[in-house]
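I have placed the structure first, in the form of structure tokens, so that the comments after it can refer back to it.
Labels A, B, C and D are assigned to the chains in the order they are written; within every chain, residues are numbered from 1.
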Amino acid sequence: MAVDYFYPEYEIVRDPNRCIACRVCERQCANKVHSYDEASGKMVCDDAKCVNCHRCVALCPTRALKIVPSGDTFKSNSNWTDNYMKEIYRQANSGGVLLSSMGNPDNFPVYWDKILINASQVTNPSIDPLREPMETRTFLGKKPTHVKRDSNGRLVPNLEPQLELALPILFGGMSYGAISYNAHECLARAAETIGTFYNTGEGGLHKDFYKYGKNTIVQVASGRFGVHKDYLNAGAAIEIKIGQGAKPGIGGHLPGLKIVGDISQTRMIPMGSDAISPAPHHDIYSIEDLHQLVYSLKEATNYEKPVIVKIAAVHNVAAIASGVARSGADIIAIDGFRGGTGAAPTRIRDNVGIPIELALAAVDQRLREEGIRGNISIICGGSIRNSADVVKAIALGADAVYIATAALLALGCHLCRSCHTGNCNWGIATQKPELVKRLNTDVGTEHLINMLTAWGHEITEMMGGMGINSIEALRGNRLMLRGIGLTDRELAILGIKHAGE
Amino acid sequence: MTDTEVITYIVDFLVRKQGLSLTEMSNVIAAPFWSTISRKEPAERERLSYLRNAFASLLITGPFSILLGFEGGLLALNDRLKLRSMVVGEKGDMVYIASEEAAIRVIEPNVERIWSPRGGEPVIVTLDHLHK
Amino acid sequence: MKRVYVQEQWCLACHLCEYACAFANSGQKDMSKALKGVKINPRIRIEERDNISFAVNCRHCEEPLCQKSCISGAISVKDGVVHIDQDKCVGCYTCVLACPYGAIMPADGGHVMQKCELCTANGGEPACVAACPNRAIVFEER
Amino acid sequence: MKYVIIGNSAGAIGCIEGIRRHDKAGHIVLISAEPYHTYSRPLISYLLLGATDEQRMKYRPDDFYQQNGVETILGVAVSKIDAAKKQLKLSDGHTVKYDKLLAATGSTPFVPPTKGLEKAANAFTFMTLDDAKALDAVLTPTSRVLVVGAGLIGLKCVEGILHKVQSVTVVDLADRVLSSILNEKGAAIMQQYLAAKGVNFIMGDCVAEFGKNTARLQNSGQKLEFDALVMAVGVRPNTQLLADAGAETDRGVLVDEHCQTSLPDVYAAGDCTQGYDMAAGEKRILALLPNAYLQGECAGANMAGAEKEFTTGLAMNSIGFWGRHIMTAGVYEGKALEETDGDNYKCLFVKDNRLVGFIIIGDVARAGIYTALIREQKPLDEVDFELIKTHPQLMAFSRRERAQMLAGAKEEEA
């Protein structure tokens, strides 16, 4: 342990007056941090194993535990931060690529927090959402460019297949394998109750969840895990995953220890083998090839389901989006660089990709300029943290948003960022039965429904404040936003005025 | 650009460019609520849903009360919440439209019919000679 | 009548229900003071083996064998809840011999018996159900 | 409808509660030779021990009779039952007519005829509250007490008085203590334990002749001195009244699964009856309070016109001495699975894939789970018997059965 030993980043503080040695923390810590010392009758803990997931803190009946930064620091150095030094120690010791989970935690600017929302005062009346109907129903899909009429002049509904949502919020793709069976069930049931959709992620769809098909978006990724005809037809829409905000340009990586039981069966890959999906779709080497995959999927599902193309927000995203809008896809999903992941190389997660706010604004602007904004709907994600982010995203031009990390938090996740270990103490990003059972699907579903219901109310409150009573009037309505602490360049990209104007 | 100009461009796009009827145009800019649509007959429900979905961004949620002149007649329309007032009066083959009932009665004290159209419900008046 | 029902598939064998029960029946306001250094004697008990676990407490039977077998008439039923009058109980354990669920046990000291009484004396909401982190026990009408 | 009940203990109270569950209005008359409010006879030893008092040992609250609309005739014995005329003759000359009758006459101590017994000073039996009070009255710290009978009653009496007398000697013809409920191993453990508490035992002997304060033993010829004598050899069911009325009896009054005797509209409950013992598979005397209550409740329901059966009569005993508890149930037949762990002893009796009996000394926690195995005649191959042998637990049952027990699942759709 010599050269690369470094003092744990966090340590557990146990209040001796409060601790009654009930050993709940010991039983509930899958990382084996806590233990009972028979001799002294006291609880002891090994901070080095702690991932700061707060399971013990949450369950301690006498609130005797808290987790604090250990305060141990190398000589302070704003260039060589503690983290960079530790990463070198780890790599000097392992020689391997550092893996980590969830979204980029670094101190890049978060544009959501620099955008402010409008409210009516005199010029137009604000609307009281408790008295007037407030409409958040959203249709995602291609909008017709021309009206068609039949022989006796009646309008022919030439509308491509749409996704109808009660709320412009969908659950982002998280594969069965990265997260547990119970987590998937919660997302599916909540989506069904709320009237929105959850995304299977690149792990295929467990046969038990086919019954939630009409609220499911089935993902087709480069690895084609679990993709077969029934799978494509089971969902309400098909999403081609080109990229993911946390790891643009590379494939997915599910550690072998998570490929067990019916996960390998659902993914149609052998037990225990690492599920590495290749970087590119090997049938899409240029934007033109996307057109073929889109239509082969439409062909396979009799043109009854909208096709979504999910890309990571990277440089030149507007041009990419424009290509996608012309590929026959019905919806484009853009995943910002803060988006989460079950496992991704730390370096890529923390340095590759651009903020979703800028990407979204740029794409919406470009499609409007090219007059093809109606070709596709835009879903943005990575990461939406609250309902204000949702309103800002829609005002910047999104039709709807994907939330994934927020959903995990609602299920109990405490963002300890160690999903790749498969040891999730909250029963979400794990396949160990004794941990999976920690997520009661009734409770999880209820929590997701509560969160979305709460966000729904908040969105209608904010809309009402702006005098808007239907979500369509908020979409792309940049007049409702103002920037603060942003450069003119950033304001221009976002297409919003500065606060005070 | 004033609100009036914006609305005029919207109507022009919908009626002239897209070829929608005046009623269909009204069903876009003052689209009924989804709850109202869902109570309609299937055919009507499909028609209104189609219009509201296809031209979603042209829905005007701010309150308005407009008079639109077109070759051969007049259209009067309130926003779907009817936050603005509008009254229509008739006497013989004369039609009077104003924000307030009092204005009509000043012009025509013996007006025969007078009513206030519901939000989003267009009132279309055409000149007689066109119909013969 | 509302009873405590077990949803076995969600029980994590964390034992929080036992500590909540011991505290609720301690008559004290501070859990640390009530239970520090104490070997708890809760009225709800966990059974666990491998990945299976569940909490057992009195089922408050409609035909309670304990009440019918009690030799001192210390056990009575009020609004469906089976109570023990610890003043009348002489600690003969006949109820322990009768209860098919093993849900009656000696109170501290072993002279009188104790059993779950659905926290009727502690505010009416079972403390064990409130403490369960995974809704493995629920208090409802079935 | 007029219900008449003879007796005032568990059987009688069970009957009242059984009737009132189905007939809130019918007139109930309860006749008891004892003057007391219903009290629990087994508690008399706890009374002497100081674990209870006359108020707290009442089997039901003071307002029980009034709450249940029961007219009580206390301190009066029934001298004759006229089954034909459906009426009773009381010792005070009155007659009481009945539509439905329950006889819960209990049992009386059996005192074997012994030479000179009438000369013995301070001789008592140990059955009623009066017996306990009379015995207690004569005891002094220097009293030497001779107890004839090392059964449940005798030894519980010893537990009640040991702390207030100088010495207690127990004599029993049987070779071991508590012979009716313990096997050799169990009895040995308990005898050793009780002896350690200061009880003197003389087993395999009986009293040949009594003097005023002396007792000469038959086999060993020993001469014992005593200041107080308790005769606790055994009890006899009180069947005379019903036998004279024509009811079919054997050792006790024979009752069917409705607790009905052979006489129409005449039921019986408690120690006086001989009812079906499901572990033994035949009708036996089951002089146990729980059994008396259940028979009384069943009889009451039937008397009130409902349809109730009591088929789960079972020998079961829970008896403790100074905190050391014994639990026994069923019959000791079939294969005996013994297990000793320190001063805990457990013996399970298995026959034809069923648990038919058990003896537990010491760690008696949750023993009711074993009792239920006997009562429900649970096939042992349907439970994890190896697991449940270690200690009684619901883990040994199937998930479906646990769902029925703990999750309120119905029989079929569990």
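Descriptive notes on the structure:
The definition used in the following text is that a contact is a pair of C-beta atoms (placed from the backbone, for glycine too) under 8 Å apart; a residue touches a chain by one contact, two chains touch by 3 or more.
Note that the structure is predicted; figures quoted are calculated from it, not measured.
Chain C has its Cα centroid nearest to the centroid of all protein Cα atoms in the structure. Chain C and chain D have Cα centroids lying 28 Å from one another. Inter-chain centre distance (chain A to chain D, centres taken as mean C-alpha positions): 70 Å. The centroid of the Cα atoms in chain B and the matching centroid in chain C are 70 Å apart. With centres taken as mean Cα positions, chain D sits 93 Å from chain B.
Contact with two or more other chains is made by residues 7 of chain C.
In chain D, no residue touches at least two other chains.
Contacts between chains trace an open chain of neighbours here, each touching only the next in line. Under the contact rule defined at the top, the touching pairs of chains are A-B, A-C, C-D. Looking at the complex, you find that chain A touches chain B at residues 124-125, 127, 132-133, 135, 137, 139, 143-144, 146-147, 149, 154-155, 157, 159, 162, 467-470, 472-473, 475-476. In the complex of the two chains, the chain C residues touching chain A come out as 7, 9-16, 19-20, 23, 31-32, 35-38, 51, 131, 133-136. Chain D meets chain C in the complex at residues 10, 13-14, 40, 42-43, 46, 51-52, 56-60, 289-290, 293-294, 297, 316-320, 323, 325, 327, 329, 364-369, 371-372, 375, 387, 392-395, 399, 402-403, 405-408. Those residues of chain A that touch chain C in the complex are listed here as 17-20, 22-24, 27-28, 41, 58-59, 61-62, 64, 433-434, 437-438, 440, 442-443.
Within the complex formed with chain D, the chain C residues making contact are 3, 5-8, 47-49, 52, 54, 56, 59, 65, 68-69, 71-73, 87-88, 90-102, 104-105, 110-111, 142.
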